[in-house]
Amino acid sequence: RDQIQIAGSSTVLPYAKIVAETFGETFPNFKTPVVESGGSSAGLKEFCKGVGEATIDIANSSRAIKSSEVEACKAAGVTEIQEIRIGYDGIVFATDSSNGEMKIEPKDIYKALAAEVVVDGKLVANPYKNWSEINPTLPKGPIAAYIPGSKHGTREVFEEKVLAEGCEQSGAAKVIKAAITDAKQAAAKCVAVRKDGAAVDIDGDYTETLARIAANKTGVGVFGLAFYENNMDKLKVATVDGVVPSTETISSGKYPVSRPLFFYVKKAHLGVIPGLKEYVEFFVSDAMVGPDSPLAEYGLVAAPDNQREQVRKDFAAGKTM
Amino acid sequence: MNMMSEAAVEKALDQKMNDVSYKMIGKDVSVYYGEKRALFDVNLNVRQNTVTALIGPSGCGKSTFLRTLNRMNDTIENCRVTGRITLDADDIYDAAIDVVELRARVGMVFQKPNPFPKSIYENISYGPRIHGLARNKADMDQIVEASLQRAGLWNEVKDRLHESGTGLSGGQQQRLCIARAIAVSPEVILMDEPCSALDPIATAKVEELIHELRTNYTIVIVTHSMQQAARVSQRTAMFHLGQLVEENDTDKMFTNPDDQRTQDYIMGRFG
Amino acid sequence: MNMMSEAAVEKALDQKMNDVSYKMIGKDVSVYYGEKRALFDVNLNVRQNTVTALIGPSGCGKSTFLRTLNRMNDTIENCRVTGRITLDADDIYDAAIDVVELRARVGMVFQKPNPFPKSIYENISYGPRIHGLARNKADMDQIVEASLQRAGLWNEVKDRLHESGTGLSGGQQQRLCIARAIAVSPEVILMDEPCSALDPIATAKVEELIHELRTNYTIVIVTHSMQQAARVSQRTAMFHLGQLVEENDTDKMFTNPDDQRTQDYIMGRFG
Amino acid sequence: MTTSMLLLITLAIALIGYLAGSRRASALAGGRSSSMHSRPGYYGMFVAVWSALPALLLLGVWLVAAPAVINSSIRGDFPADVQAQPQATQGLAFGMIEGIARGMLALSPEEREQAERNPADLRPLMGSRGVAIAGDPEPYMVKAANDLNSMNATSNLLRNGLVLIVAVAGAMLAYRLIAPRFRARNKVESVILASLVVASSIAILTTIGIIASMLTEATHFFGRVPAHEFFFGTVWDPRFAAAGATASEGQFGLIPLLLGTLYIGFVAMLFAVPIGLFSAIYMSEYASPKVRSIAKPLLEVLAGIPTIVYGFFALTTVGPFLRDISSQINGLATGNYANFIQAQSVITAGFVMGIMLIPYVSSLSDDIITAVPRALRDGSLGLGATRSETIKRVVLPAALPGIVGAILMTASRAIGETMIVVLAAGVAARIQLNPFEPMTTVTVKIVSQLTGDLEFTSPQTLVAFALGITLFVITLCLNIYALYIVRKYREQYE
Amino acid sequence: MSQVVTPTAIATGVRAPRRDIGLKKRYAAERRFRAYGIAALSFGLIFLFVLLWSVVSKGYTAFQQTMITLPVEFSQQVIDPQNQRETNAQLLMTANYPILARNALAKALGISTTDRAKLREVSQMLSDGVRVQLRDMVVANPAIIGTTQTVTLLAAGDLDSAFKGQIDLSVTQENRKVSDQQVGWMKQLAEAGALAKHFNTGIFFNGASSRPEAAGVGVALIGSFYMMLIVLVLSLPIGVAASIYLEEFAPKNRFTDLIEVNINNLAAVPSIVYGLLGLAVFINFMGLPRSASLVGGFVLTLMTLPTIIIATRAALKAVPPSIRSAALGLGASKMQTIFHHVLPLAMPGILTGTIIGLAHALGETAPLLLIGMVAFVANYPTTPMDPSTALPVQIYMWANEAERAFVERTSGAIIILLLFLIVMNVGAILLRRRFERRW
C-alpha cells in the first residue's frame, strides 16, 4: 500500500481533507491520503481491527478514545496508539438571519428543551410553548430547536456544557437531586430532552440543520463554529452568557461550549506506510493547525501555543497511550 | 324460451325469409393487416333468425370477416377495416356506436378455445356478471347451469365447477367457450369453427343448440365441414382468397351453385 | 423417399403387418392429474409403419394418452404416469432414457396450434437447426420449403416467410405446426386432431401426407372424424372415460366392432 | 508468464479443444448428423469444458493456496527473535519483505548484489525506482525477500506447467470420449445446470453471510441488554435509562422503531402501489406505443435518483409545503392558523418514498401485463366487457403473481430505505398513530448507530446489529406470509 | 303454447328488446379507470419534472466557474532565487507559487506590493489551487521562469459564489465571506474583462478537493463506472441464471420455497447491511483492499441481485406454457427451450429488472460507507483495486460541506449522475424495446 488510509469522524473530516490535499500537493512523491467519513465509532472500530497493510493508519475522532476501545484495540494487537489533539471545535447556537439579536444562557436552553422543568418548586413536564415565554430576545414563535442526534459526539458536549449547566443554573438540579438519590440517574434526568417535537434530533450533518432552519425561521439550531462561519449570511449566531463565539473567545476559554478534536495514529505503521510520519508531522505543524493556518481559517479553533508544541513533542518522542 | 310448436316456428320463419329482414349488412368490407389486404370489398348480408355459414379454404378470410362483425379486429394493432357494416341499420363502425354494447349484442366464439385462467364457474358467470344479467347467486347458478347444459358440458364438469377452466381437454374448453358466449344471450352469435375439436356426439349437440338458438338469435358460423354447413345453415357464403365468391341459400349452394369455384370447392376439387 | 411402386409398397406393408412389429407398446398405462385419474390401465400397442387412430368422445383421455407417448405429460405439474411404455423395446420412462432424444424421435402436433412468436421460417427451421439436420442455409431453405409444401402451406406463405407465425389464420397455424413437426423427421409422429381447423382440401392434403409418411414413419393420430379415421388409419383405438374400449383393425372396427360401446359411438348413439 | 497470460492460454486450449471436438463429431457423423446423439457443437463444448474447467479450478486453488504456503514458509525462516514477536508485527515485517521483493525485481543484478551487501542503501535505491520501502530493512529481510522471489518464481513455473497439463489432458480425455452414442449435450447441459445451481446458491450464501456478519455483535449486544427489554421495550432512547429502569445504559425498545417502519412503509406503499399500478395499466393497455416508450424510461429515472436528493426534496420542499398547506386549511376551517401537519412527518416520508418507488411497481407490472396473451383479452372483449373490466377481471388476475412479486419488492425497498426517512420523517422514535407526526424506522437507527461517534464497544453501537438481524427475521416472516397468500390466488394461464 | 304466431309477431319477438346492461355506469367506470391511469402516470411524470427542475435550476450554475485571466510574471526571484533548480529537483515543486498569482492580481488591481492587509485580501480572491496549476506549468517547462505569461486562474470559491450572486451581499461585511473591498475588485476585474465565467470542465475531471472551485467528480465517475461495470457483468448473468434454475429446474418443495422467500427477503435488507457484509467478507475475510471499487462493485452486485432475480422470475412465469410445450415437442432439451424461446420472451422483464437494479445501485451510498468508499479521494484510480469513490458518495459528501459554493456543485453532481444513469440505461431501454412483442 502506498497511500495513507484514514477513517473516522465526520466533524474532523473537513480538516483532514484540507490537510490531506495540501499534503499531497506539498509532497508530490506521496499520494494524497484517503480520508473516509463514517463516524468516530466506525473509524475507531476499523482502527482497532489490527495492525497491517489491510487496516487503516489513522482514526479521526471528535471525542477521546474510550478505555474500552483501547482494550479492544489491544486485544487485536494495536498496542501502540498515539493520540494527537488537533484543536477545538466550537459549538454555537444560531437562528435564521431574519431574527433579531439573540442572547442566551444555558438556563434558557435548559428551560426550552428539558423534558421536565421546575415550576413553583416542582418538577413538571415542560410547559413552555414559545421562546418568548423563556427569554424575550429569543425568536418570536413556537419553540423549535435542532440539536445533534444522540449518535453525535456534539450531543454529549451539548448535554454537559449546556443542559447540565442550565439545570444547575435554573435550580432544577437541586430539586432533582432531592427527588432522586442515585447521582447518575439524577445527572441523566438533568440532561433529558423533551420528546414532544419541540426539540428535534438531527442525525445528519449541519447542512440538514441549516435546511431545517431555512424551512422554519423560528427554529434555533446547533452548529459547529466552522459551519457557521461559512454561512454567516444566512445565520444569526447567539451569544452564550454574553460571549460571542469566535476562534479567539473559544481558544481563550471565554466561550464555554467547545470540545477537542483528535486523531489517533497506529505507531506500528509509522515508517511502514510511506508518508505516514510526514503526514502527521505536517498536520501538527503550525502551518496547518496554527492560528493563521488554513484549518483555522476554515473554522478550527487552534489549541494554545504550548499545547501544540506539546503535541508535536509527544509525537516526535513516540509517546503512546 | 319459445314455446311454439316446432312446425309453427319453421313455417313462420320461412314466411319471414320471404320478406327478408337483414340483421347485419356488410357493404364493400375490406380488411387490411398492415400492407396485406385480407378481404376485398365483401358485400354480405346476414339475415335475421337465420344461420349463415361461412365456408372457404383455410386462410381465405372467414375469421377476418367474422371479426369485423363485432369489431374484434379493433384489437389487432395494424388491422384496418374499410366499408360499412350495419347492425339493425346502425353503422357499427360509426363513432357514435358503442363497441361494448355491440359486442354484448354480437357475441363470439373464437377459433382457438381461450378459457380464462379461472374456475369453470367464473368463466361462465363472467359475462352475465359484467352485464348485470343475474340478480343474485341463485340466478347466476341457474344461468351457469343452463349455459353448460346447452353446450353439452354440464355432465362432464358439474362436479368440478370450481376447478380451473384451463385444465379441461381441448374439446371441453371449446364447449366451455360456447357456453360462455351464450350465457350473455347476445342477439347475434358469431362462431368460428365451434365444432372443430368436438367429437361427433358433441358436435351433434352443438348443432342442435344452434338449431334451437335460431328461433331467437341470428347466427353466423364458420365451418370447414360441408356437411355441417348443409345441416345447420339456411344461407351459405363462400369465400376465396379474401373475396366473397357466392352467397346463397344453403340448399341451392350445395346442389346448384352459381359460381364454378363454389362447385369445385364443394366437390373438393381445389384448395 | 421410397422409390418402389405404390402397389409394391402396399404389399410390402401388408406382409409386414402379418408378422406384426410393434414400434411402441403401452402396458397398464394410467395417468393422474393430481387426484383425478384420467386414464385407467390402458394397454395399447402402436405398430410400426402404421397409422393408428385414437377416437372417443371429448375428454375421454385421447390427448392424455398421446402425450404419454413422448412424455409431454412431464411438463404438467401435477401429472403422474404409471405403467410401462416402450419405444423399440426401450422403456421410455426409464431413468436412463434421454427425454430429449425421445421427443426428437417421437414428434408431436398439438391440439391447439402453438406457433412460436417468431417468423414462419424460424418456426420451421428451429427443429432442424437444433438437431443439426441442415448443413447449410441452402439445405435449410430446402427443408423449410419441403415441409411447408407437404403441409400444404407453401403457396400461402411463400411470400411472407419472414413474417410472424402468430399472424396466420387458425388453419394456417395448424398446418405450420404440422410442417414444423415433420421438418425434424421423427420416427413416430403423434398428431392431436391435426385437421380440426382445416378445410376439406387442406384436410385431404394432410391425409395424403399421412399416407405418404406411413411408408417410413409410425403415426398416431387423434381425430373426431370417423370418416377420417376410416380413411387414414389401419388400426383404430376407441377410448371412453379414460378406458381403452377396443383396439382393432380399422376395417373391422367400423364394420363389426367387438364392443357395444364402440358400435354405439360410431353410430353416434352416445356421447 | 503472468496469470492473465496463463488464463488466455488455457482458454485458447479450450477453444482449440472446442474446434477439434466439433470437427471430430462432424467427421464421425459422416454428414448425417442424426447418427450422433448431439450436435457437433456440443461435443466441442464438452471438450472445451473438460479442458478449461479443471484447469481453471486448479488455477483458482493455486492462487489462493500458494501465497499462504509461501507466506508461512518465509515466516518459518524468520530469525528467532523476530518469531518471538507478536503475529501482527510479523505480518508487518512480511509486508515489508514483500515490498523489498517487489523492489528487487526492479533492480539490475549488479545493483541487487550491492544491495544485498549493503541493506542500508536499499531504501534510496528502490526509492529511485519508484518502490517505496517503509523503513530501513534489517539484513534478514533482504534474504527473505530473495527467498520470496525465488519461491514465487518456482511456484509460478509449477503452476503454469500443471495448469497447462491439466488443460491439455482434460481436452484429450474428453476428445477420446467422443462417440456417436455419447451424450455430449446432456453432459454440457448438466455443467450449465450446475452453474445455474451455483448462481442460485449465491443468494443463500449472501443470507448466511449477512447473518454471520451480524450475529456475533448481536450476541454481544444481547449479552449486555436483556432480550425482553429490546423486543418488548416501548421506549427508544439508547442513551438514558428511565428512572428506576434496569442497569443497562439506555432504553432499547424495538417497538417504536418497528411501528415506524411498518407505518412509513405502509404509507409509502399507499402512494406507490396505486400510482405505479395505474401507470402500468395505462402504459400497457391504453397508451400508444410511443407514449409508453417514452413514459416508461422516464419513470425509471425516479428509481435512479439518489435517495439523498429525495431526502432534501422532502426536507426543503414537500415538508414545508404540507405544513403550510395544513395551517392554511386549519385556518380556513377553524380560524386558527396552526399547522396540524409537521414539517417532518410520516406522511412526508411516505409520500416522497412513494414517488421513488413508483417505477418499481410500474415498470415491472407493465412488463407482466404486456405478457398476458392476447387471446385472454379477446375472450373478454368478445363477451362485451369494457376495457377496464377486461383489465380488472381478466388481465390483472392473470398477471397477479408477477405483480405481487413487484409489489413485494417495492415493499422491501420501502422497509430498507434510510435517507428519505432521516430527512423527511426525522429520527425521533415515537409510538403514535398520527400520520402527520414524525416517526422513524429501524433502518434509520441501524445507520445512525453504526455511523455515530459513540463508543463502538457499547450497546449503543452494537444495537445496530441486533436491529439488523431482527429486521431480517421480521421481513422473512412477512415474506413467508406473502408467499402463502400468493400461492392461494395464483392463476396460470393456458 | 300451440297457438300460431303471425310472422309480424315473430318479427317483433326476435328483435330482442335492448337489454339494459348498465352501459352508462360501466362507461363512467371505464372513463374513471382510464382517468386514474392518466392521473397516475402524469403524477409520476410531474414529480419527476419537479425534482429535475429543482435540481437543474440549482445546479446548472455549477457548470460555470469564475476565472481570472492575468499576465503572471514567473519571477526567478520568487521561484528560484538562488538558481539551484539544476541541482535541487525538489525546488521547483516547493516554490511559493501563490505569491506569483497574488502579485499578478495585485498588479492588475493596482495595489502596491507593500500593503500587507490588502495583499492578504487579494490572495483570498484566488483559489489555493493556483499553486498546483502554476507549478505544473513551470515543471513542464522550466524555461518560462523569468517570463510573463497570460494565465487563466481559478477564482476562490467564495468569490465564485459572490460573482454568481449566491452570497447575500446585503448583510454586513462581517457576516459574509467576501468583503466589500473584494466585491469592488471583483466588479473592477469583471469590467476590465479579466474576470469572467468559463465552462467548468474541472467538475467533470478533477478529483475530490476541499476547495469547491477545484473539486470535481472525476474520481467518482471512474469509481461509479467500474462499479456499474462489475455490477452489470456479475449481477445480470448470475441473477438470470439463478432465476432460471429456481423457476424452471428447481423441484417445487419446501426448500425452494425457502429460497424464494429468502430472495424476496434479501430485497428488504437495508442497504447498509450489505456494507457490513462486504466489510466482513470481502475486506476482512478475503483481504481485498478498502475503498476499492472492486469491493463496492461486489457489494452492490449482492444488493442488486434480488431485484434482478425477482423481475426475471416474474417475467419467466409470464411466458405461456404452450411455447415451452411447442419447443419440447420438437425435441428441444429443456435448456434449449429456455435459452431459445422462454428467455427471449422474458427479456423485457429481465431488462426492466436490470434497469431498475442498476439505477438503484448507481444511486446508493449507505453500503459504501462501511467499505470505506465514502471518502476523500484525490488521486485517480487506475484499477478497480485502487481507492475511489462513487457519484452518490460525492453528492452526499458535497451536500454536507459547509461552503456555499458546494451547494450548486451538489446539484451539478446530481445532474451528472442522472446523465450517467441515462447513458447507462439507454442501451438496456433500446434493447428492451426490441424484445417487446404482443401476441
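A few notes on this one:
Should a chain be cited, it is by its letter among A, B, C, D and E, assigned in written order, with residues numbered from 1 in that chain.
The rule we apply is simple: a contact is a pair of C-beta atoms (placed from the backbone, for glycine too) under 8 Å apart; a residue touches a chain by one contact, two chains touch by 3 or more.
These numbers were taken from a predicted model, which means no experiment stands behind them.
Touch-path distance (fewest steps) from chain D to chain E is 1. Comparing each chain's Cα centroid with the centroid of every protein Cα atom identifies chain D as the most central.
By C-beta contact pairs, the most connected chain pair is D-E.
At the far end from chain D, in terms of centres built from Cα atoms, lies B. Annotation: 34 Å between the Cα-based centres of chain A and chain D.
One finds 56 Å separating the Cα centroids of chain B and chain D. As a whole-number value, the distance joining the C-alpha centres of chain A and chain E reads 31 Å. With each centre defined as the average position of its C-alpha atoms, the distance from chain A to chain B rounds to 83 Å. Multi-chain contact residues, meaning those touching two or more other chains, occur in chain B at positions 100-101, 104, 112, 130-131.
Looking at chain A, one finds that residues 38, 42, 204 touch two or more other chains. In chain E, the residues touching two or more other chains are 21, 26-27, 321-322, 333-334, 345, 369-370, 399, 438-439. Touching chain pairs in this entry, ordered by label, are A-D, A-E, B-C, B-D, B-E, C-D, C-E, D-E.
Within the complex formed with chain E, the residues of chain A that make contact are 1, 3, 5, 7, 10, 13-14, 16-18, 20-22, 24-26, 28, 31-32, 34-38, 42, 46, 49, 54, 56, 97, 204-207, 226-227, 229-234, 294, 299. Those residues of chain E lying in contact with chain C across their complex are 252, 321-334, 336, 340-341, 345, 437, 439. Residue ranges of chain D in contact with chain E, taken from their complex: 185-186, 189, 192-193, 195-197, 199-200, 202-204, 206-207, 209-210, 212-214, 274-279, 281-283, 285-287, 293, 295, 297-310, 312-313, 317, 355, 358-360, 362-364, 366-368, 370-374, 384, 386-389, 391-392, 399, 401-403, 405-406, 408-409, 411-413, 415-416, 418-419, 442-443, 446-447, 450-451, 465, 468, 471-472, 475-476, 478-480, 482-483, 492-494. Interface residues of chain E, counted against chain B in their complex, comprise 1-7, 10-11, 13-16, 19-23, 26-27, 438.
Taken together, the chain D residues at the contact with chain A in this complex read 86-89, 91-92, 95-96, 132, 134-135, 237-241, 243, 312, 315-316, 319-320, 342-344, 422-423, 426-428, 430, 437-438, 444, 448-458, 460-461.
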